[in-house]
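Chain naming follows the written order as A, B and C, and within any one chain the residues start at number 1.
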Amino acid sequence: MLAILTPLMRVIEIPMTFLEKRLGMKNPAWLFLLPNLLLFGIFALLPVALNLAYAVTGSDAILLADRPYVGGDNFSALLQCDSYLDPNSCKDDLFWRAVHNTLLFVVLQVGLMVTFSLCTALILNRDIRARGFFRAVFFFPVLLSPVVVALIWKWILQREGILNAWIDGMGWQTFNWLLDRNWAFGWSVFLSIWAHMGFYTLILLAGLQAIPRDVYEAAKMDRATPWRAFRRITLPLLMPTMLVVLVLATIKGVQTFEEVYAFTGGGPGTATTMIIQYIYETGFAGAPRLFGPASAASLLLAAVLVVLTVVQLWLNRNNVDG
Amino acid sequence: MSNHLTKLKLTSAIAGFVLSAGGVAAQELTYMCSSDGTECTTAREIFDRFEAENPGVTIKIDEVPYKAILESLPVQLAAGTGPDMAKVTDLGGLSQYYLDLTPYVDAQYWEDSFGGTLDWYRSGPDDTGIYGLHSQLTITGAYINKTLFDQAGIEVPGADASWDDWAEATRAVAEATDTDFPMAMDRSGHRIAGPAISFGAALFDDSGEAILVDDGFTGYVQKFVDWHNDGTMARDVWAGAGGSSYQDASQEFINGELVYYYSGSWQVAKMDDNIGDLFDWVVVGSPCGEGGCSGMPGGAGIVGFSGTEHPELVAKAIDYLAQEENYAEMTAKTKNIPAHLGVAASGVEYAGATEGAANALNAWGAQVGKVSPVAFKYQGYKNNRAMFNITVERVTQAIVGELSVEEAMERAKEDLAVALAEAE
Amino acid sequence: MANVISFLTRTRGIGKLHWTDWLTYGYLFLGVLLMFLPVIWLGLSSFKTEAELERFPPRIIPMQQETIIVEGYDEPLPLYEIVSGEFEGETLAQIRRVGLVAQMIRPDNPDERLKVDINDRQAIEKFALATENYSELFDRFNFFKFFWNSVFITSVATMIMLTVNSMAAFALSKYQFTGRMVVLGLVIGTLMIPQTVVLVPLFLITKELNMADSLWGVIIPGAATPTGVFLLRQYMLTIPDEILDAARMDKASEWKIFWRIIVPLSAPAIAVLAILAIMWRWNDFLWPLIVLSSNDNFTLQLALNSFQGEMNTQWSNLLAMTMLVLLPIACVFVFLQKYIATGIASTGGK
């Protein structure tokens, strides 16, 4: 695989070694960072900065020059609430409903998904037959577009879907799964785990490969039980990778949108409306397009995520510095 | 137009020049088109003739997902890029970017032929420009499963029947034939607007400002919510989704699980293809109330953008589509009802359509005359999409019980105030 | 059969099945059932006609009604089995249905018209694949052009991303320098802003750089993803520093250390990132939708989504297209996943 990259690397090698010699060995780190920072600055940081500018301006104009400055109005409108626990008491009730849904969703989805991904990765890492096939099986759903994922599970779960046909065949009472708030929410969590689990399994699988086999051999010599070997060897050595998985899963979980939107449309009512759906409908699909509140909501969201991530990183501080 | 587009055009112009050695400079127009069926291929056929009549001109049709028209096109236009022409559905919302065709076309012909629909593309009441060709006129209204009525031995209510008459009749049919749902309506603020207007909703106050909620509107919403609670309306459609997402009930209707389906004229082709021989389906239009028997008009149209480098050519191309014979051909092939008064008066031969489909389309054509002036005004109002979205979102909350009808209507009013303040 | 049994009874060690083996295969079997069956069903559904897709309840196998060509009728007539009433047990072809009565004929005696109650007949169906779902795609679009655009975008963007990200990850994991945490913080920080929100500012920037409606407008902004840097950095942390020090003793340049030591040792993580990068670019929809406007530059995902109209979605074509788009990337995955299992474990890094 790396052979494909070889010619490219050869080309980069010439300026890199040249610059390295000219500048001395003092700080090659910045040399290695430079190309990435350049792309990153223009196409990731700059849009975020512009996003901030949208958040403090009003009206439905798309170009910043046409938008009047409104200060923190967009933020205060979102945060105006008698009680943050009761969305109905808020000025923007839909935003707070979305916040509540998203919080619950992330707790359930991330917890369950990381557990299942870890189990799957451990099993796929064992010496089993047809590993490639089984790996593919768990990864395939990741390749499907959100619209198709939602469609498949709608076929299965709708009023006259496969699941109800089976329940009916068993002589039980059928149930309209997607019309019930709690079931619709539960199935959304399931669907999102189904669609993304393969992604995290793959990352964990690569992480497991980094653990040298001889450590296990040593453990076997000491007659350690598999459970003990897992807790004492596998888990600690897997922590840097686990951290990636946790951080990414949390961030992506909070940003869940497309598959749930195509699956339930956020309903019944607002039962499965997530924050990104609120942002999407306010700023892009809606009319007029209110970029201000949408950008403000996204920045609030980012602030919460930063706090969450810092906590995660702090809890794992040993693995951050290596 | 961006530099990039200009470059592209330059190269193609040079290429065209070299190729067509005759010396006529080649001009290329881009037309952004999204399709529910055959709209783009039909436009291609007609534009092929246009190209033959105008040597050196090519029209490039970019067929895009509907999402691109709705979400990307406005951003592109604001940034100064974008196509020369497009088929749009947010008629009033994009009006600031439209090219006025008046200087290049026979304005009298357009006024005589398209009358009211020209207003939908204008930015306000003072605007008299000609901007868009309404290529896809739609009308909302109901279909019934006639076979179920026959099986139940219940007479189909007449043309002047009210919503209550229909509710009663369809409930009786559903009970007699053991059908799952008496009625269903698409989950859309546009769909529920017609019935609300028939119920007396004015939507605008005396000075012409949008208000959305009044007694007539609340009255219909109350009924609508009650029907969901007593099982008259299929809950799956409205209560099964959230936000402003669109949801229809065509699948239930096609499977014969629904007696009465309130949707619109665009469903004809789908019904025709997929119901086939399963049962007889009939167009019955909109039920009546104190505000009339109104559905909502709607649809899509073709517009040019003022950013184009060839305004005259864009106007010429759109005008070509607007000519009576071309418009009739387009209407027939795309199975739509005509917005062109001349074409409507002489009737459309729906070539290739089955007898059922042709009858249904003509039945829809006859509904156009029943549309209330309020409905026309609502369709032409610049911020109507905001009102549609608010309606869907809040009425759904009332149906699933998150809010009472009063609370939902109160929230709807507040939402509208916020939206209008931002949209100026 | 013997193969299957030996496959199923293969154990961790020698001898009888350990209980963990039972658990393992039980879990995998469940996985196949839950993860893979729906995908197979999707594949079968892509061969169903539009009318069949609309049917309640959905069926597993694509079926179509049997028809027969009868003399004197232009169109083939649908066949029905009569299950009760006067003609019970016969197979009749239907001419038309009026209200509750169907007009039918015996295929061998087309002149005599029979009237049958619609509840007495049952459609005869057979297994049939609607291959037109696929063939229509090639008539309708310039499929190979779109395919080429997708391949070009995916391969170039993936190469740029892998190179740039692994270099940055190397710097962030193996060097101590001031500002390291700031850079890392910025990288993780941008992950927090949902992509949906930055689309508009990103488009304005791309347009200013003259990359709107060009394939590079999709490739370059897409290469700046923070996920890859974070993923690779965390993996590289597990590579012991002693190896680098040993190489420095041998006067290897820093680039040589990166390219000859770090990159090969990170192969599993790079393989994972390669799979993800290819998948992201291949399946990317929203960003190309905004950047690309002319059909010449369209990708397969944009073509796929053009089956979703305002009111109607042509599911039969959309599903067929989904399968076609899925196939190449599934092959790439099967090829690349090997490398995930051949990393440090086999190269013997200590």
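A few comments on the model shown:
Quick note on the criterion: contacts are C-beta pairs under 8 Å (C-beta built on N, C-alpha and C of every residue); 3 or more make two chains touch, one makes a residue touch a chain.
The model shown is predicted, which means the values in this text are computed figures rather than measured ones.
Taken together, the touching pairs cover every possible pairing of the chains.
Centrality annotation: C (chain centre taken as mean Cα position, compared with the mean over all protein Cα atoms). Rounded to whole angstrom, the centroid-to-centroid distance between subunit A and subunit B, based on C-alpha atoms, equals 37 Å.
In this assembly, the C-alpha centroid of subunit B lies 33 Å from the C-alpha centroid of subunit C. In this assembly, the C-alpha centroid of subunit A lies 18 Å from the C-alpha centroid of subunit C. Listed for subunit A are residues 62-63, 160, 284, each touching two or more other chains. With touch defined as above, residues shared between interfaces to two or more other chains in subunit B number as follows: 71, 75, 79, 255.
With touch defined as above, residues shared between interfaces to two or more other chains in subunit C number as follows: 56, 199-200, 204, 305, 308.
On the side of subunit A, the complex with subunit C involves touching residues 1-2, 4-5, 8-9, 12-13, 16-17, 20, 25, 27-33, 35-37, 39-40, 42-48, 50-51, 54, 62-63, 119-120, 123, 126-132, 134-145, 147-148, 151-153, 155-156, 160-162, 164-165, 194, 198-199, 202-203, 205-207, 209-213, 226, 237, 240-241, 243-244, 247-248, 251, 255, 257, 276, 279-280, 283-284, 291, 294-295, 298-299, 301-302, 305-306, 309, 319, 322. Against subunit B, in their complex, subunit A makes its touches with residues 58-63, 88, 93-94, 158-160, 176, 178-179, 181, 261, 264-273, 277, 281, 284-290, 292.
Contact residues on subunit C toward subunit B in their complex (touch as defined above): 50-51, 54-56, 78, 94, 96-97, 99-100, 199-200, 203-204, 207, 210-214, 289-290, 293-295, 302, 305-312.
If you check the complex, the residues on subunit C that touch subunit A are 7, 10, 12, 20, 24-25, 27-28, 31-32, 34-36, 38-39, 41-42, 45, 56-58, 159, 162-165, 167-168, 170-173, 175, 177, 180, 183, 186-202, 204-205, 209, 220-221, 223-227, 229-231, 234-235, 237-238, 253-255, 258-259, 263-264, 267-272, 274-276, 279, 283, 285, 301, 304-305, 308, 315, 319, 322, 326, 329-330, 333-334, 336-345, 349-350. The part of subunit B that touches subunit C in the complex is made up of residues 2-5, 8, 30, 32, 34-37, 60-68, 71-72, 75-76, 79-83, 89, 146-147, 150-151, 246, 248, 250-252, 254-255, 257, 266-267, 270, 273-274, 276-277, 280, 300.
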